[in-house]
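Read through the structures below before going on.
First subunit A sits with subunit B, and in the next complex the same chain sits with subunit C.
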Partner chain A sequence: MGAVVQARTGRPFDLSKWAVLPALIGTAIFFVVPLGVMLLWSFWQRIAGKLDKTLSLANYERFFGRDYMVEGLTNSIEVALITTAVSIVIAYPLAYIIAYRIPERWQRFAVILAVLPFWTSYVIRSYSWLLILSERGIINGALIGLGIIDEPLEMGYNRGATVLGFVHFFAMLLTLTIYANLVQIKKSYRLAAADLGASPVQVFFRITLPLSLPGVAVGAFLTFVIAIGDYITPQILGGGQELLLPQAIMLQVSRAADFPMASAMSMTLMVVVTVTYLVFAKYLKMERV
Partner chain B sequence: MTIRNVDRRRFLQGGAAVLAVTATWRPRGAQAAEELNILVWCDHADPNLLAPFEKAEGVRINVKDYEGTGTALSIIEQSKPGDWDIFVVDSPDAPRVARLGLLEPLSDDDVPWADMFPQFRAAPHTYVDGKLYAVPEKFGYYGVAYNRDKVDVADMSKGDVMWNPKYKGRMAVYDYYFPIIQMIGLSMGLTPDQITVENLAKIREKLLALKPQTKLIGDIVGVQNALVTGSVDLIIGAAEFAVSGLMTEQPELDWVISEDGGLIWSQGLAVFSASKKKDLARDFVKYVIGPEGQGRLATSSCYWAMPTNKKAVLNDAQKKILRWDEQPGFIARSHPSFISGAALDAAMLDLWNEFLQA
Partner chain C sequence: MSTLRHLPAMAYLILAYVFIFLPVVVLVLFSFQDGLLPVPPFEGPSLKWYARLIDNSRLVEALGNSVLVALVSALTATILGFLAAYSLARREIFLAGAVRYLLMAPLTVSYLIIGMGLVITFSMIGIPKSLFAIGIGHVVINLPLCFAIVYSQFGEHQRNIERAAHDLGASDFQALVLITIPMLQPALLASFCLAATLSWDEYIIAFLLSRFDVTLPVIIFEMMSAGLNPVLNAAGTVVFAISIVFVLLAMVLATGRKRSHDDAIG
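Right, the complex of A and B next:
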């Protein structure tokens, strides 16, 4: 039997075209359909515990009509942006060193070391940070022991702690995506630039950095998307000192079973993610990572 | 045969078979007649509580534990009628769940009211339109948990401790909106059943004034962790459920209810109206609110709290931990947590979001 199957119609049937079907079905079942259902639910309402399926924009009006909800959204965007920026600043030099300064035979080991934080539970990692940052934690203990401070510093339960917890995780993710991009850049490009008189700084800014932007963009996009929708880290490290949208969504679900309102809030978050994607789209080249 | 050689019919047949298997799969526990499916808080998952009933009745109990009535309602919505037999629900939420038609009315004859603390039968959430839907089975308080080495103990039972500048930045708030709002109401002379959407505005000012005082607003584990690690010295809204399990190792931890009136939490045990095993479910209710079940439920491995049945089988050491002898006094000056309706509940949830963002 050849590669092309003769179907009953007599037309040749190329199975390779159907190979993508499972992926399409999977995407439809696990992404498109749930998203459509969530969009539909966002136009319904939960009234006195019962579902009112009359289509309306009431949930969106309720969301945008309350300042604290909108502030929750802007808080989430700010935290995700800060996390992304700080993670890039940390991850890029690390990826650069692994890719270009560490001998090739040690690079795999260095990458494993870089991703070690992925091996621990997200929750455990967040609580570990809390113990480190607490008033009786390692940092305060060391500073007081060295006589640098008299009273413990307040380091946990604020936005800074949330960002720290995020950065610890996402800097590793970005390191991987940037490293994967850097090692694909042909060495001859940098050598040619140097031969033509470019200084190492010029080589970096004119050759390496532009060519590594796809890796940065992919990592930054993933960081932003995951951070803006994360519930655990702000819950543990943020101390509830400001409202973030995932927290507000969870309240609607776990307490009121108000899935229509939670859907409207989630769709709003989805719009933010989509806009972010469009911003990053120019640089998102997954095949380069 | 390579994948490219598979014909379309066989490919679709395979897919149909997978879909058929998926469509006919059901939870094992939902099929067997001798099994009871219970949707409960984690304290009911303790084998020490369930084993005697399973052995006596020759049944198997399938447990699904949840946190938050909203989560439970979503689980119920996604299940088929009859999948669940028993429901443990936060008592203030029992009326709203009953009004959704989810619960089966229970007979007073099945409840040993004479052996129980009378305040629970009289609580506003116990009967809905004259019918009993959820039997109060376990209770405790929302109060103040604290580290006695770090605070002035006399301050802790004062209703204004929430706004006492001495503890600014040293307090955690339990992230559960209606108890905190109701505690503030009590400090203003409003009992939970007197709180309305209209007078919520008065509480709002006091609630927002609490925010600058707080270092942390978190779930039970979060606030416990903060107290244990010394990040805070007291927890608003917490009591025995937050520190009883820690007091053996850290005897400096303690809890108290307010002089303005304590706030009682309780959980109710109910039978689903769609249950296909109502007789067995009622037997389970009778077991849990009986002396043996009450003793085991009160000392469940997930968390300890007071049984509503005064004849609960408990030894002296267990009673001491539960502060058994102090209960009559505690109950006498406390009020059951209660939410009068869905509109108030939604308004309080909105207010809590505003508090979090303040």
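Right, the complex of A and C next:
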């Protein structure tokens, strides 16, 4: 075999050597350069409709100096954290039941079913929740029909609705990552623990749960990072009471056309995501999921 | 284990599936609503909102645009991803680890930030807002996935067959086209279908990079600000149906790949 490899060297044109270049150049031009440009713009300013290209930290000072902008950031972090926690609480039992309580030949079907609505349009899914939560929607209809309430509840257009929309999406994602982890845990571990006298509760808390944490960590990381950067769900379901950071960024773009400010806010968002990654990094063993 | 012990687990399973499917069922059901609002009581079934959908030339045009952008950007991302995977799987590339990391990096940045970086950069270098610009954005977000899918399917058994082809006098290019691509065909199709689905569904980059020609999610989002409307249900149902076709296709192809792989080694 070594001879074959030898024979292949020294060709005039070796395709496999250069094939990586188009993707690499594309990523450099359309991903790395735009991020660099944004970083540069975040130090510029838009004053009276004109671009002022002197470097300054003015946008960042403005961001951290205005309560409503800092609130946008803290609101986003809160919503992303609540979303992540609730999604784990809902997804873990589901993944556990599919992995350990459903016969093996049905598991694949159960998993596919559990993530099928993942593929409805992201925009449309938020709209569907609006239908369900609206004043004349099916929840109010059912509650009034059952005589539990007389007047329809206002359930859409608030933080709870945003979190609900998020949890619906990310519970599916977490079910997938946790399930993938659970089915890899060797059954013999649990049997050995039981043989040594552990109760089912002890087996769960001392064997299964610790071994499934990588799957939880990967799913939780993806949930937090995607949720904190999402504009669509809070914009459709959240109403106007509070702004999340991506909404505040889009306001700078669409209303004020202030790209330097929007860039500074985006860079701040990227820093939050990077810090999250560093916190999670030691738990993130992607190859286990 | 007794049936009784299974009861709480099964109850939870059913509740979870109800939660997961509730929005889809409501969306699809009320797309057949006969009344003016997509809320109970359900009257119908009626296809009038689908008729309204077909009559809406902006929606139909946007649907065409979405299909075009999805197919072209998915094809581009798959080809670039395949070439990069081929290179990294077959050669000792200089700084291979860094290259892999760079190719996967766009996955870690939110679509909003990628989109905004492209808006600013395009305005500086003079690429106008257009379907072409949206397509570039979608290649950027899908390339990491396409690369990862194809890269994970490059294995030693294919390499041996490629070597055999080389021994028999095939050039690099011949081995690539006659051996490597056919063997990777399921992974390539799966990657194409996934990329097409994600592009087809993408809103924020398409919104930021479009002016006159818009894609379907952009129109749907715009219509949503006018309130609940059964036409949106009909449009959403159509979008969902097309996505599911693509996803199932990708899944069937990926499974087929795995099976033939198992056959090959087993």
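Worth a mention:
As a working rule, the second predicted complex is superposed on the first by the 256 of 289 C-alpha atoms of A that agree within 3 Å, B and C clash if a C-alpha of one lies under 4 Å from a C-alpha of the other, contacts with A are read in each partner's own complex, and residues count from 1 in each chain.
The rule is simple: contacts are C-beta pairs under 8 Å (C-beta built on N, C-alpha and C of every residue); 3 or more make two chains touch, one makes a residue touch a chain.
The shown structure was predicted, so the numbers you read here are calculated from the model rather than taken from an experiment.
With both structures placed on the common chain, the touch criterion links A:S134 to subunit B and to subunit C. Judged by the touch definition given at the top, the superposed model places A:K50 against subunit B, while subunit C stays out of reach.
In the superposed model, A:L243 makes contact with subunit B only, not with subunit C. After overlaying the two complexes on the shared chain, residue contacts for A:L35 are found with subunit C alone; subunit B is out of touch. Of the two partner chains, subunit B is the only one touched by A:G72; subunit C is not. Once chain A of one complex is fitted onto chain A of the other, the partner contacts of A:R255 are limited to subunit B, with no touch recorded for subunit C. Legend: residue contacts after superposition of the two complexes on their common chain; A:L15 is shown touching both subunit B and subunit C.
Put simply, more of the residues of subunit A are touched by C, taking subunit B and subunit C as the two choices. Shared contact residues of subunit A, touching subunit B in one structure and subunit C in the other: 1, 7, 13, 15-16, 18-19, 127, 130-131, 134, 136-137, 236, 253, 259.
On subunit B, the positions that touch subunit A within their shared complex are 1, 3-8, 11, 15, 67-71, 73-74, 77, 96, 99-100, 169, 173, 175, 177, 214-219, 222, 225-226, 229-231, 341-343, 345-346, 349-350, 352-354, 356-358. Residues 6, 9-10, 12-13, 16-17, 19-24, 26-27, 30, 37-41, 80-81, 83-84, 86-88, 90-91, 93, 99, 102-103, 105-106, 108-114, 116-121, 124, 136-137, 139-140, 143, 147, 163, 166-167, 172-173, 176, 197, 201, 203-204, 208, 217, 220-221, 224, 228, 232-233, 235-236, 239-240, 243-244, 247, 251 of subunit C are the ones touching subunit A in the complex. Of all residues in subunit A, only 1, 3, 5, 7, 13, 15-16, 18-19, 25, 47-50, 66, 68-69, 71-72, 75, 127, 130-131, 134-137, 154, 156-157, 235-236, 239-243, 247-248, 251-259 touch subunit B in the complex they form. Of all residues in subunit A, only 1, 4, 7-8, 11, 13-20, 22-24, 26-28, 30-35, 37-38, 41, 90, 93-94, 97-98, 101-102, 110, 112-114, 116-117, 119-125, 127-132, 134, 136-138, 141, 168, 171-172, 225-226, 228-232, 236, 246, 249-250, 253, 259, 262-263, 266, 269-270, 273, 277 touch subunit C in the complex they form.
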